[in-house]
Amino acid sequence: MTAGTVVVRDVTAADFPQWAPLWAGYNTFYERVLPDAVTQATWSRFFDPAEPVHALVAEQDGRLLGLVHYLFHRATAMIEMNCYLADLFTNDAARGKGVGKRLIEAVYDKARLAGCSRVYWQTHETNAVAQVLYNKVAERSGFIVYRRQLQS
Amino acid sequence: MTAGTVVVRDVTAADFPQWAPLWAGYNTFYERVLPDAVTQATWSRFFDPAEPVHALVAEQDGRLLGLVHYLFHRATAMIEMNCYLADLFTNDAARGKGVGKRLIEAVYDKARLAGCSRVYWQTHETNAVAQVLYNKVAERSGFIVYRRQLQS
Amino acid sequence: MTAGTVVVRDVTAADFPQWAPLWAGYNTFYERVLPDAVTQATWSRFFDPAEPVHALVAEQDGRLLGLVHYLFHRATAMIEMNCYLADLFTNDAARGKGVGKRLIEAVYDKARLAGCSRVYWQTHETNAVAQVLYNKVAERSGFIVYRRQLQS
Amino acid sequence: MTAGTVVVRDVTAADFPQWAPLWAGYNTFYERVLPDAVTQATWSRFFDPAEPVHALVAEQDGRLLGLVHYLFHRATAMIEMNCYLADLFTNDAARGKGVGKRLIEAVYDKARLAGCSRVYWQTHETNAVAQVLYNKVAERSGFIVYRRQLQS
């Protein structure tokens, strides 16, 4: 492939050394530290055909610039699966190259191939930088998220 | 059971005649009309052990007062499944009886039994009536939802 | 006036002993304590013809149930003054009597008399209880407030 | 002054031919057309010592790049006046020069000089581009605006 071209592709097992720092960067952005066991489980699921959890990466000249994770799940108001874009992150080397937009659009393609009619995701209401992009490629739905942490 | 007691329980096949109007009422609230095929598919999934989609109903003296639908799906930041409370609706007969709260708490119980550590749902930012209740039983996360409808 | 009737009227100097606890209750709700000097200045301004700051109270059988403060200020996109409803509070004795709604509507009347075409106010995005009322009597504009505290 | 320097200064009567298109651009952004009488009234008030309405402009090499309007008004929870930043707009020539930030900070200076302890403004919740800047120079308060248009 031409030098300098940014390619968005499925993650492979060989990507772990470069995927892990991107995933750590993403979690740091959200001010959380995930146990290694969670990272290992999620990574394994990307390659488990029984799991509906997937990852794409953006690569340029052998370096990973960003990741996106998506998963399919049931919904009650449609017959087909819903597609949830769970995580999106790009590193400093990706800046200004439209990598975030391409990763989102690659999920659109995957969702279409899977027969989905919708892709959705969440972002914090105060994350204006991300919303500048999201407003261009999707619709701000007006829905907000409530959560309840359960004690076991 | 004592007359007048409100019971929250799993839906059964015999509930369809009373569940359907509640489901229609819920969809009317969101100003949408679902094709019958969607309703049939969703109803079937409640009784399909291969599907992670479930329904609970609130019943009083043989009459259904409300419904809640929930489903489990993968997440990338936890090992266990996430629990999505997809739909919640109560009819006029339920008013003032705490039925909405009980339906939500029943989902918490189901999620705990399933080993989940979190239940979440969405509501429109302008739906203040619902949020009065949600603020009491959950945390407003600050996250908002973006969506993209896909053309096939 | 008939016993039990709720009357909304301009504040008078004699109202201070009952207005002060309502004002304190309002400030407690917002988890702030105002210096006495601020309360004194604001109270004085209600009776100062040079000041565009006004107060109305709701009274029933000689007891004050609620207050509303409003003020007029310039705007750049209209010739007439804008009317800002600054504070609204009702106590427990007011519950279920529609006092909040009547106080808001009384400000609408005052604003109309003053030649204004608009009344506006702010509420915290998480205050769902208040928004249930506000959604009935006004429009949620979609605008949010940014603030900067200045160091002197 | 050095060629190329961007200066933020009080508006003057001679600025009208360049201020008017900026003001029109701002109103177009908000998809509204103001009657000329409103524009004339607002323009006049900038130069009327009896009016608390003010304008600053950003100028580079004799060309205006942006405007900000601000006004002082009473508040009930502070003794000093509150400062409302009413309008902010920059044109294409201002892009990437930090003009918006400088206009906001110039209002901070004016407000401090006037003895104010706070500057505030509104922006639409969906205006992510603006919020990227606002998050850097102010605090997103969590307050939202309700409005009621009055029939005369």
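Going by the order they are written in, the chains are A, B, C and D; count residues from 1 in each one.
FYI, a residue touches a chain if its C-beta (ideal position, glycine included) is under 8 Å from a C-beta of that chain, and two chains touch if they have at least 3 such contacts.
None of the values given here were measured: they were computed from a predicted structure.
Asker: Going by C-alpha centroids, which chain is farthest from chain D? Tell me that one.
Answerer: Chain B.
Asker: For the identical-sequence pair chain A and chain C, what's the CA-based rotation angle in degrees, nearest 5?
Answerer: Result for this pair is 180 degrees.
Asker: For the copies chain A and chain B, give the interface type as same if over half of its residue numbers appear on both sides, and as different if under half do.
Answerer: At the contact between chain A and chain B, which are copies of one sequence, the residues are largely the same (over half shared).
Asker: Roughly how many whole angstrom separate the Cα centroids of chain B and chain D?
Answerer: 46
Asker: Averaged over CA atoms, how far is the centre of chain A from the centre of chain B? Could you give it in whole Å?
Answerer: The separation of the two C-alpha centroids amounts to 27 Å.
Asker: From the mean C-alpha coordinate of chain B to that of chain C, what's the distance rounded to whole Å?
Answerer: Chain centres of chain B and chain C, defined by C-alpha means, are spaced 39 Å apart.
Asker: List, in ascending order, every residue of chain C touching at least 2 other chains.
Answerer: 125-126, 134, 140
Asker: Looking at which chains touch, is this a line, ring, star, complete or other?
Answerer: ring
Asker: Each pair of chains that touch: what are they?
Answerer: Touching chain pairs, listed by label, come out as A-B, A-D, B-C, C-D.
Asker: In their complex, what parts of chain C are in touch with chain D?
Answerer: 27, 32, 34, 37-38, 41-42, 45, 51-53, 69, 71, 73-79, 84, 86-87, 108, 111-112, 115-126, 134, 137-150, 152
Asker: Sort out for me which residues of chain A touch chain D in the complex.
Answerer: Result: residues 125-126, 128-132, 134-135, 140 of chain A touch chain D.
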